[in-house]
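Labels run A, B, C, D, E, F, G and H following the written order; every chain starts at residue 1.
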Amino acid sequence: MTPERLRALLDEVARGKATPQKAYDIIKDIPFEDIGIANLDHHRVLRTSQPEVIYGKSKTIDELTRIAKAIIAKMNNLLITRIDKTKARVLLKLSKKLRYNERGEIIVGVFEPVTKAGHVAVVSAGTSDRYVVEEAAETLAILGNNCSVVVDVGVAGIHRLFARIDAIRKANVVIVVAGMEGALASVIGGLVSVPVIAVPTSVGYGSNFGGLSALLGMLNSCSPNVTVVNIDNGFAAAYSASIINRRIAATGDQQ
Amino acid sequence: MTPERLRALLDEVARGKATPQKAYDIIKDIPFEDIGIANLDHHRVLRTSQPEVIYGKSKTIDELTRIAKAIIAKMNNLLITRIDKTKARVLLKLSKKLRYNERGEIIVGVFEPVTKAGHVAVVSAGTSDRYVVEEAAETLAILGNNCSVVVDVGVAGIHRLFARIDAIRKANVVIVVAGMEGALASVIGGLVSVPVIAVPTSVGYGSNFGGLSALLGMLNSCSPNVTVVNIDNGFAAAYSASIINRRIAATGDQQ
Amino acid sequence: MTPERLRALLDEVARGKATPQKAYDIIKDIPFEDIGIANLDHHRVLRTSQPEVIYGKSKTIDELTRIAKAIIAKMNNLLITRIDKTKARVLLKLSKKLRYNERGEIIVGVFEPVTKAGHVAVVSAGTSDRYVVEEAAETLAILGNNCSVVVDVGVAGIHRLFARIDAIRKANVVIVVAGMEGALASVIGGLVSVPVIAVPTSVGYGSNFGGLSALLGMLNSCSPNVTVVNIDNGFAAAYSASIINRRIAATGDQQ
Amino acid sequence: MTPERLRALLDEVARGKATPQKAYDIIKDIPFEDIGIANLDHHRVLRTSQPEVIYGKSKTIDELTRIAKAIIAKMNNLLITRIDKTKARVLLKLSKKLRYNERGEIIVGVFEPVTKAGHVAVVSAGTSDRYVVEEAAETLAILGNNCSVVVDVGVAGIHRLFARIDAIRKANVVIVVAGMEGALASVIGGLVSVPVIAVPTSVGYGSNFGGLSALLGMLNSCSPNVTVVNIDNGFAAAYSASIINRRIAATGDQQ
Amino acid sequence: MTPERLRALLDEVARGKATPQKAYDIIKDIPFEDIGIANLDHHRVLRTSQPEVIYGKSKTIDELTRIAKAIIAKMNNLLITRIDKTKARVLLKLSKKLRYNERGEIIVGVFEPVTKAGHVAVVSAGTSDRYVVEEAAETLAILGNNCSVVVDVGVAGIHRLFARIDAIRKANVVIVVAGMEGALASVIGGLVSVPVIAVPTSVGYGSNFGGLSALLGMLNSCSPNVTVVNIDNGFAAAYSASIINRRIAATGDQQ
Amino acid sequence: MTPERLRALLDEVARGKATPQKAYDIIKDIPFEDIGIANLDHHRVLRTSQPEVIYGKSKTIDELTRIAKAIIAKMNNLLITRIDKTKARVLLKLSKKLRYNERGEIIVGVFEPVTKAGHVAVVSAGTSDRYVVEEAAETLAILGNNCSVVVDVGVAGIHRLFARIDAIRKANVVIVVAGMEGALASVIGGLVSVPVIAVPTSVGYGSNFGGLSALLGMLNSCSPNVTVVNIDNGFAAAYSASIINRRIAATGDQQ
Amino acid sequence: MTPERLRALLDEVARGKATPQKAYDIIKDIPFEDIGIANLDHHRVLRTSQPEVIYGKSKTIDELTRIAKAIIAKMNNLLITRIDKTKARVLLKLSKKLRYNERGEIIVGVFEPVTKAGHVAVVSAGTSDRYVVEEAAETLAILGNNCSVVVDVGVAGIHRLFARIDAIRKANVVIVVAGMEGALASVIGGLVSVPVIAVPTSVGYGSNFGGLSALLGMLNSCSPNVTVVNIDNGFAAAYSASIINRRIAATGDQQ
Amino acid sequence: MTPERLRALLDEVARGKATPQKAYDIIKDIPFEDIGIANLDHHRVLRTSQPEVIYGKSKTIDELTRIAKAIIAKMNNLLITRIDKTKARVLLKLSKKLRYNERGEIIVGVFEPVTKAGHVAVVSAGTSDRYVVEEAAETLAILGNNCSVVVDVGVAGIHRLFARIDAIRKANVVIVVAGMEGALASVIGGLVSVPVIAVPTSVGYGSNFGGLSALLGMLNSCSPNVTVVNIDNGFAAAYSASIINRRIAATGDQQ
């Protein structure tokens, strides 16, 4: 509920075009749908190419089914993240338009076409990080971004990174996905002049402590153009990258 | 053993109505029953509508069965928390009055009717937190509290919360259940004038570290009417809420 | 801004008694005062005996002076917590009604009389915890609560606690202040039937890790009537205790 | 050294316009100046309105003086962050164009005029967080961004935030500065559609563990448009915000 | 190899009763048996009633079998700790004298009779801690200690503890086993004048962090007669208790 | 209050030798003295050679003076631990019998002669650990134990330890004081057959994290005769060692 | 790409023997092979006896198969670390030259003979650490090092270590593998004059926190010739040991 | 005491050239000097160019003076690490040959000339890390190593590193000193074929947690030739580097 909309609504009430009760109800009841176990937040679903997003982990298959059904009924695009194979199998039956990316543990449902704009690069340190890369790439696609994926260019063999630096430098935003020490974010941060969004992954040996080593490394990056999201959170990195990239692309496109 | 009871007992001894040995035995042996593997604490079970509570995790099915039998034999109301599906199936056979809430991993046994008083609200940030909501709601019910459940009103879409604020404000105590950053406790704390009991949950991505992020968030709440219980501990939140709510309701009722 | 007030305001607009712009301004601008570096939240200051509260740490003496002056100008009661001796000396010059409790690092200013109700007990494990006890006791007093202080009854000599249990049992709420292992909260939790609010303190040797040992101990209390606030946070414990105690006392008093 | 420049240089060598030795020296020696104790990275200093940045903490006054002198000699704009009062006093003598912001512990030196573009909002939860706000605001200014500062709108009195939401929504990027539980980042993340860069601060009581509570809270934000920088790192937040804002403003301006 | 034995050996060499080479071999090769994958440390196995001890976790069933066989061949008493049901089934076939305590995950083999002396008490807070109690009790028995087990006397119902205090006070050493906040160690520490060895257990909810809460609680005990062993380490507690108890009993017996 | 004393008191009441009220008062008021800010626990002070102990840190000089005066008035022996030089200077004026050990930050006051028995060894890894050694040694002395101090025998030069092993092996209990990795406890644990009480110290570089490295090392000792006290807690180690040593010596002496 | 090679390439361009484009392509594209999901880093595979290494964990069996095939096609020696039994079974089918070491969870493929030089010792504290010993030993072998394995010589029975010290002292580098408190690294560090590479293992009880206790212990070693690798990382220890040993052996051999 | 020496000594005893008592005394008393508060370990001081080392922190000036005097009396070379300016001033008076490096907080005393061999590179990420660089460089020098220092080549401007890679590649061992995310160790590890010893520093902002971020980053390095020492421990890195470098140089020199 923006201030502009509130003011407009008050205007209508003042001009007798709306009753106070109705205004109250609108203010209170607008932008979500209560399906008992969840409040579907349609506020976040913008007009074009924006999906509804469900966080799949910790929800029962019954809850997931009820939520997904309510969204599919509206024919909105749909992302279900962190969804394991067993649950995915059940959910895929809800619609033929749903597709499961097993490596990224994500279900994608495109019910209306997505127009892509701009360019985001997703760069990963190792093959083991691919589950996060897939989550990010699927999210970027359905949110309407062109996306380059550059994998396995970790700093232990930095020449591999330099060979791909052309592709990376074309992007408006770079997402860096890395586990272990997470050094790739700092190195790329120093090589590009655009924002870098770093995703620490839980990949690694003993003292990585479930991704803590990469997380702390990225937070302490000496490259000041690096910001960080939660461990393994390819979705949030892609979401933030998308709003930056599309905004730049949009203003650029208007020329 | 209150000081009053000690004094009374000493009086009886002084007046020859009780031998010292008997007094000693009473002092020593009152208020629990030793069943070998456990000491059932009937001290905590007050006259009306108070259940006996068993913490189910880390106990073997054999231990649980022996403890539950001893309680059922007394026809006291009963709660068994943290009880998985497999163990629940065995325990349910002990009495037809036992009911299993699978989402809340809790067994409820009502052997004598419960009178409800006052009003407690249980508010949760997301659908994924429902296992804790269920544990709290079942506990509140058997302890004799009216209870409103408001789910999926996390701060990322704060308008959803505002739409439900009426229901929440009617409560004598509000239990807030949230994982991830646990911000909901602070926001609600600022919107109500009653005590808020916050339950951090272990729901979330990587750096939530099993609920630590929500726990620290709630402990550091800038709303001074927020107190906190252990991660996922819906039972304790409900227990504390109940003693506050029923005390307020009771004094109110006496008018 | 409660729903009731929103509805009322909309009514006025509908009946032409208020312009939409004015309604918008009210909704937007009510309940705080912007003094440039801070927004004084008068929303929290209720009619009787409620003080304004300033968190003193991390604020410069210049900022504190400006904020305190704005509050004193309104003749509201005032608490400034976490205020060291040097800053206190400067602030005390603002009004003769300000008093500094050095042990509790708290400034109290009573500008209108406080009516006390009910009863809260503050119990501490050791003399070293007294700084938190003082903060809690001063807060309880100015918030309008009768308060008993019982100090140095730690569990290593549990008979000292039992000697005072009478006083403690009279309270509507018990605040337990303890460092080291924080066991006192669990023990008292098992001895009383009212809510216990536990304040871990940073008092102790090496592996107390600045209060972490007591904090974890209290969060994991086996007594379900214990809730916890942040380390050393006597203020928040007192604030929550006050709203519980005064609510019980108020409903009781109305009889 | 971009691929384009490498290719161009190789062309010159091929056409005899450059000797291999000279090419090697260029590749090796370009973009920094070695002053013995430090390598000044002029690579990062772009043509317009970009300052050189020195991290002041852990450097001796002698090292700081030598580095600052080398930069001032080039008449580049200059930022020295994390600089305490004592060191600042010495450094200010190097040039009359240097100015010290004591609250933000930052020295600013504007040697060539800065053109501002776009709009970034810096929002903080409490007055105590102002040291980070100042660091961010000074950095934004010298990097060429218009900047709105909105302070003391923490979630415990959320109406204060709503009163300022207009100003916040005008920004291309929002920086949220908050200590304690850091909930403000999630709440603002849910209210705006632009990127939010969250800066946890070390402000708070006991279990904030030097900013860890706010850091974890922000990393676990349920608002997916939130990315995070290091604790108290107002500089990095401003730096990232600037490259996003100026890019959007630049593409917009070209229309 | 004590200094006395070294001196004696050197004497023999000096008197020509031993060759230098033989002396060297003795010094080097005495007190263990190398079976390839392990060096069995017979040094620790004293004459009477001392078992050999194998730590079962992280060893393969093949390794366990080879080690157990070598020990059984010597007819020494035997303890295998941390041994799950599957491995236990295989090992029990090695000798009919082996017995498996499933709750304590421990195999006991008595090949020569054990004489018991003195008295150790094992006290636990809850039924859930019984797996550690069993490990400690089995170890105490085979090491030759009389042992009283007192279970489920946690501090939330402290009267249960007082009812058993007679039995506890008879012991030369008290082992306290507790999870959650571990407060029982401090309380008992204050009630007895003998050494208390505290065993934190991993039993509990969320923020017990695998036993860390009880561990820190016990380390920070305000009772100075409490020392601590590792989480869940009933074996080490029993081992230390045994050497204290048997030494006291032995000196007492000689009277 | 032991059961024996309770029974005796009840007998007196039964035989009319004590009124119930008097019995109640005795039960409640015995064994401590309330001096307002503290409850002096004379229960712990046994007849011979046992001192009263005050934990000095976190107490103000005013509080310390009041407590110390009350104890000195009774001519009991006295220990004040963790007392810095400034406070010590003030307290020493209370009696000429007080002596300050600056390295151990401990004040000792011997008002009645102490008889020593048995033998405890205090072994430390490095000279830097001496502050803990001094605290332990002073405590052992006033508690009535003969004590050998062996310093600077850390495992990096293990031959230094072997040269002193004779002295160490004569003790009934060995206290091992070590920082850094704390390995000395395990090594000594393997070389002696008596109980080892390990004191981790906060001595060391970076990742010792204030003594955590030594603490974890000692808790995870592979020598099962090692128990652990809190970081830098020489007092508690000495206290536990004393009750073990004196019990063994006492039973031995009675022969 | 070394500076020497860059200079040589530039020379060729200068002398017309290479076009700039070709030079650019070489600089960019040399030393790895892109197989889509991974960039195989042949840069690290030196001429003789060096294997390619794949980190098996977190990779799918499909990814592993594709990577392994590409390497086997080149007939390079091959190591696949952290590979469980199920995946190993599939991979072994790729070539008869592949061998699986189940205890070390490692696949070895020797396609060209390895010449061994020098001598490395691998010493472990307990039989439970053998999985890391096996990983290290297999790595050392295929990297061309002679290797002695000395197991089960933990510090609790230090005489076992002394009996083997001869073998250990012959090595150019000693790898020490230990869990629990990790004290073995410090002890051996003090007994040898060569570099010690310490590998903490995750073996142990409760507060070893997945190897943290051994890790911190080794990092804080008082023996200055100890350096540390990640928890359970036998591979990295062996890799570093190999480059040290072979360099010493090589220079020694040239005499 | 090596086995060879033990055997030789036994031979002498056997041949009557030494009495058993004398042999025992030699075995026991050799290689250190007991000066009361410390055992000076001359065992570690080899013939040529090896200094005695004193860890200065946590020792009193009195203790330091006594230890330093004992060493100077022997005219051995001397290092005192972690020594602040105040203590240094006192110690420098002991001999004119002592020199204080204030930035590295280290005292160096060269009493007999040092012959240098081989080559070690010390590379640091930033100027702020210089205190560790100085400690390492001074240690390398007195231990007899040629040393190149390359500072301020952090990964945020990786071209600065490449410009110096020639110098770095000439070394037999590379010490990498870095704070914040510590990424430099991994990058250099991938660029050189010699051992890299990484020293995390405590330099950085908030979530570096006193060097933990760099420590974890380095331990989790994806470059397998990286081993790690404790935070800020330039001395240990230099010590290990020296024994590797001098061994390689020595075997090389013998050709």
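Descriptive notes on the structure:
Methods note: a residue touches a chain if its C-beta (ideal position, glycine included) is under 8 Å from a C-beta of that chain, and two chains touch if they have at least 3 such contacts.
Nothing here was measured: the structure is a model prediction, and the numbers come from that model.
Looking at A-D and A-H, the interface holding more C-beta pairs in contact is that of A-H.
Seen from the Cα centre of chain C, the chain whose own Cα centre is farthest off is G.
Chain D maps onto chain H through a rotation of 90°, based on Cα atoms and reported in steps of 5. Separating the centre of chain C from that of chain E, both taken as means of CA atoms, is a distance of 48 Å.
If you average the CA atoms of chain A and of chain G, the two centres end up 38 Å from each other.
With centres set at the average Cα position, the gap from chain B to chain F is 41 Å. In chain G, the residues touching two or more other chains are 3, 28, 126, 156-157, 204-205, 207-209, 212, 215, 219-220, 224, 230-231.
Every residue of chain D that touches chain A in the complex is listed here, in rising order: 2-3, 46, 53, 165-166, 169, 172, 193-195, 197, 215, 219-220, 224-231, 235-237, 239-240, 243-244, 247-248, 251-252, 254-255.
The residues of chain D lying in touch with chain C in their complex are 103, 126-131, 151-153, 156-157, 159-160, 162-163, 203-209. Within the complex formed with chain D, the residues of chain B that make contact are 125-126, 154-158, 179-183, 186-187, 189-191, 204-205, 207-209, 212-214, 216-224. By the touch criterion stated above, chain C contacts chain D in their complex at residues 1, 28-32, 37-39, 41, 43-44, 55, 57-60, 63, 67, 200, 202, 210-212, 215, 230-233.
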